[in-house]
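Everything below concerns the one structure shown next.
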Amino acid sequence: MIKVTIWNEFIHENTQEAAKKMYPGGLHLAIGKGIACDDFEIKYATLEQDENHGLSEEVLANTDVLLWWGHCAHEKVKDEVVDRVMSNVWNGMGLICLHSAHMSKVFRRLNGTSGKLIWREANERERIWCANPGHPIAQGVPESFVLDYEEMYGEPFMVAPDAQPIFISWFEGGNVFRSGVTLQRGNGRIFYFRPGHETFPTYYNANVLKVISNAVRWCAPTVRFPYPTTHRPNADEQISPKVRQTSPEA
Amino acid sequence: MIKVTIWNEFIHENTQEAAKKMYPGGLHLAIGKGIACDDFEIKYATLEQDENHGLSEEVLANTDVLLWWGHCAHEKVKDEVVDRVMSNVWNGMGLICLHSAHMSKVFRRLNGTSGKLIWREANERERIWCANPGHPIAQGVPESFVLDYEEMYGEPFMVAPDAQPIFISWFEGGNVFRSGVTLQRGNGRIFYFRPGHETFPTYYNANVLKVISNAVRWCAPTVRFPYPTTHRPNADEQISPKVRQTSPEA
Amino acid sequence: MIKVTIWNEFIHENTQEAAKKMYPGGLHLAIGKGIACDDFEIKYATLEQDENHGLSEEVLANTDVLLWWGHCAHEKVKDEVVDRVMSNVWNGMGLICLHSAHMSKVFRRLNGTSGKLIWREANERERIWCANPGHPIAQGVPESFVLDYEEMYGEPFMVAPDAQPIFISWFEGGNVFRSGVTLQRGNGRIFYFRPGHETFPTYYNANVLKVISNAVRWCAPTVRFPYPTTHRPNADEQISPKVRQTSPEA
Amino acid sequence: MIKVTIWNEFIHENTQEAAKKMYPGGLHLAIGKGIACDDFEIKYATLEQDENHGLSEEVLANTDVLLWWGHCAHEKVKDEVVDRVMSNVWNGMGLICLHSAHMSKVFRRLNGTSGKLIWREANERERIWCANPGHPIAQGVPESFVLDYEEMYGEPFMVAPDAQPIFISWFEGGNVFRSGVTLQRGNGRIFYFRPGHETFPTYYNANVLKVISNAVRWCAPTVRFPYPTTHRPNADEQISPKVRQTSPEA
């Protein structure tokens, strides 16, 4: 069993009519329903749930892969929770950042970048091309697929350069974007996946859900421990005595 | 002219006899003297210098490449100064992190990692091997060179995986370490270089100084502007009108 | 079931007393016995076996992961067999190159490099450090382990720069080496693993065998098809008629 | 001075009316004229020039950066000349592969891939986006620029995964492509740049020429020697005598 926690900031679906209609109960539920299968144990957490945004140390210790969707409330996420997520990733927990989570504290701090990109809300067609068909995250996904309309995210994308492109998007309005990229920090595997505007039916799309399911399996931890585990080892080999030099300035 | 600012936390050389003797006036001066040449304009900044640790917005705007040495006072560096350094790197400023700066806020946050490694102070011999002789940072440096004694840093090193190994170290006590690695964040090039314990004559070593000089040239900015510069562009290509789908849940 | 084919040039064990004594019947048998488990179906192939060196199109089509050990007869491997192996890797077959296979045609051509390194036969101690403990190939392997004596391979190693270091070796004589690295070409995953001199008991070492077993699982194909599958697609979007420019030189 | 050799297969411009009209005298001349400047010493070489295709050992020894354009005659390039180019790249010579050179022996063998991609000749608009504005190859090039019509090359592109994306293209017909990527093999830096169909005025475009000029400077060698230079060194550190184990099988 892979223990999956889907975190959603869950604000638009409470405050904007279009989002509420598209994702009644929140987009986390749509994702959870969409990827449900026998070997995923899926739980949910949201920003306002409790003082830990639903992400206590205990919850994270029981999470193999954390999904993250946030947009308008990135700055409301407490630094202490961000630190907890980062340290769990370093120990091996998988992390999937979705859509506007490119500007989340969690994603930006694990990249060491601003997370910036260029964008446009214009209901435009997105074609998602697979650039790495042999990667487990692309398994069973066609060479390209279409989302009839999405928000545009465009290059340049301020992501860390170890981002391996699995998917690259074409937008009707003339832009391109590395839409699916893998990263690693410490023992933890990370996947960023671009599509998922809150008022569009993206999280009901079979290919989108297939990518997210594959990513959950790929991000699931191999190990779960601090890295490195040793800190100040004795020498394994003999060290000869040294005559110490003095400073040429002395 | 390349404008170089050498930042040193400058505590050990004021408080520990061995460090004071090895680097009278601070190790930043030894580095500055060691890399001095006609096309470097070198300035210095230290932790206690002023409320900005000597790194005001104006100083950074006039810095092409920042060198960073810190050890016992990482946590005393203000978050606001760290943010300023990071944002200058994203815009194009070069950064060279030296020795124990692997645990500096600046280095850890630009990596998105804990920066951890294993270490030992045992006056042991270090052999530094060049793993990428064609890289500009390795120019004029021999295939390997020796530091008679140094502190040991060992793998596993929690650095971001885009770290390209230029140098790999062998230690007498049985350890290995990726001692010189390049990274990029936004428009800024970063080099981490391992040697440089405060009580050892490392910053008087000709090969060490050669590597640092080369790194200054390689890290010097090509451009210096926010990335991306555009934020919310109009479409360059025509976007067709869409009939919006409703939610399958609605 | 993962279908594994272990290819050995199988010359030293027939011609040199020390190799014959260490690996009676060939080192491929020792590896096969050492990694045997319920979900590996292991077969063998050798240079002199038939006109295809035991690697007909049919054999490769029935191989998920190919292991390769060669040393003194790299140039005797037919180009046509090398091309067949490469094209199977591009389609998704996994490949594990062992020890002196760094100079095999297969490894060099998949890297695009000369494969060169520096070496020494001096019965020296090798300590293998894990640089990426969260990687599936490192699962269950200690932070470091020792081979009492091995041939030395040292940096600089002419490997392609996408080589992700999983293991880095320390040698008694003063050298270091990226001993375990992952690569990808087309849909196929590749692992290079350094230890394995023909007269040393390396392939009886539990940690070495554990690494090879893990690598077999990691290299096993996700997909098995040519990449890309489409070649000359029609346009998915409408292309406007163009007035063609003439040459400014005309 | 940077010594540049522009190699062109030079067949279409002799045999096809449209190519002859667009590039009278050959597209190599248009490129040479377009990038000419005080510190480039530019020479030319073509397939039929002599038995070395104009690329004798002497010519390559006097070449800092080689540009390569080929399309219909990849298989006519002698293996011996390909080997000579590869070995010069490994020693430090820069290489720029243009457009259909993705299928040249030189590019494929330096990648270790098939070089394949998907393509279409339909006179479609190409928008080239910069994904890495801080890279020296992007210096002075706008965030995006347009070629009014070009041949389409689309993902998936079978390039080695160390290919760092500098430019990503959008095509009118719905495709995307990593149009400008850097690679390194041995000491040599390599740049692949997509645009340049033989019947289109691409090599008269100021942005295309700017990218090629920048790439020449970036690819120019730092060093020029075999890698590694040492082969079988004595031990720098003392190696203790060993009692050799026998085989568990013996």
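Read from first to last, the chains carry the letters A, B, C and D; within each, the first residue is number 1.
Following the convention adopted for this analysis, a residue touches a chain if its C-beta (ideal position, glycine included) is under 8 Å from a C-beta of that chain, and two chains touch if they have at least 3 such contacts.
Bear in mind that the values here come from a model prediction, so they are computed numbers and not experimental data.
Student: Chains in contact with chain A and with chain D: which ones?
Tutor: Common neighbours, chain A/chain D: B, C.
Student: Taking each chain's centre as the mean of its Cα atoms, which chain lies farthest from chain A?
Tutor: D
Student: Any idea how many Å lie between the Cα centroids of chain A and chain C?
Tutor: Using C-alpha averages as centres, the distance is 31 Å.
Student: Taking each chain's centre as its mean C-alpha position, how far apart are chain A and chain B in Å?
Tutor: Roughly 27 Å, centre to centre.
Student: In whole angstrom, what separates the CA-based centres of chain B and chain C?
Tutor: Using C-alpha averages as centres, the distance is 35 Å.
Student: Would you give the residues of chain D that are in contact with at least 2 other chains, written as numbers and ranges?
Tutor: Touching at least two other chains: 127, 133, 143, 154-156, 161, 172, 174-175, 184, 186, 227-228, 230, 236-237.
Student: Quick one: in the complex, what on chain C touches chain D?
Tutor: Touch list, chain C to chain D: 21-25, 30, 86-87, 90, 109-114, 116-120, 122-125, 148-149, 152, 154-156, 158, 160-162, 172-175, 183-186, 201, 204, 226-228, 230-240, 242, 244-250.
Student: Can you check the complex and tell me which residues of chain A touch chain D?
Tutor: Chain A reaches chain D through residues 127, 129-133, 143, 154-157, 161, 164-165, 168-171, 174-176, 178.
Student: Spell out the part of chain D that touches chain B in their complex, as residue ranges.
Tutor: For this pair, the touching residues of chain D are 92, 127, 133-136, 138-139, 143-144, 146, 172, 184, 186-189, 221-223, 225, 227-230, 236-237.
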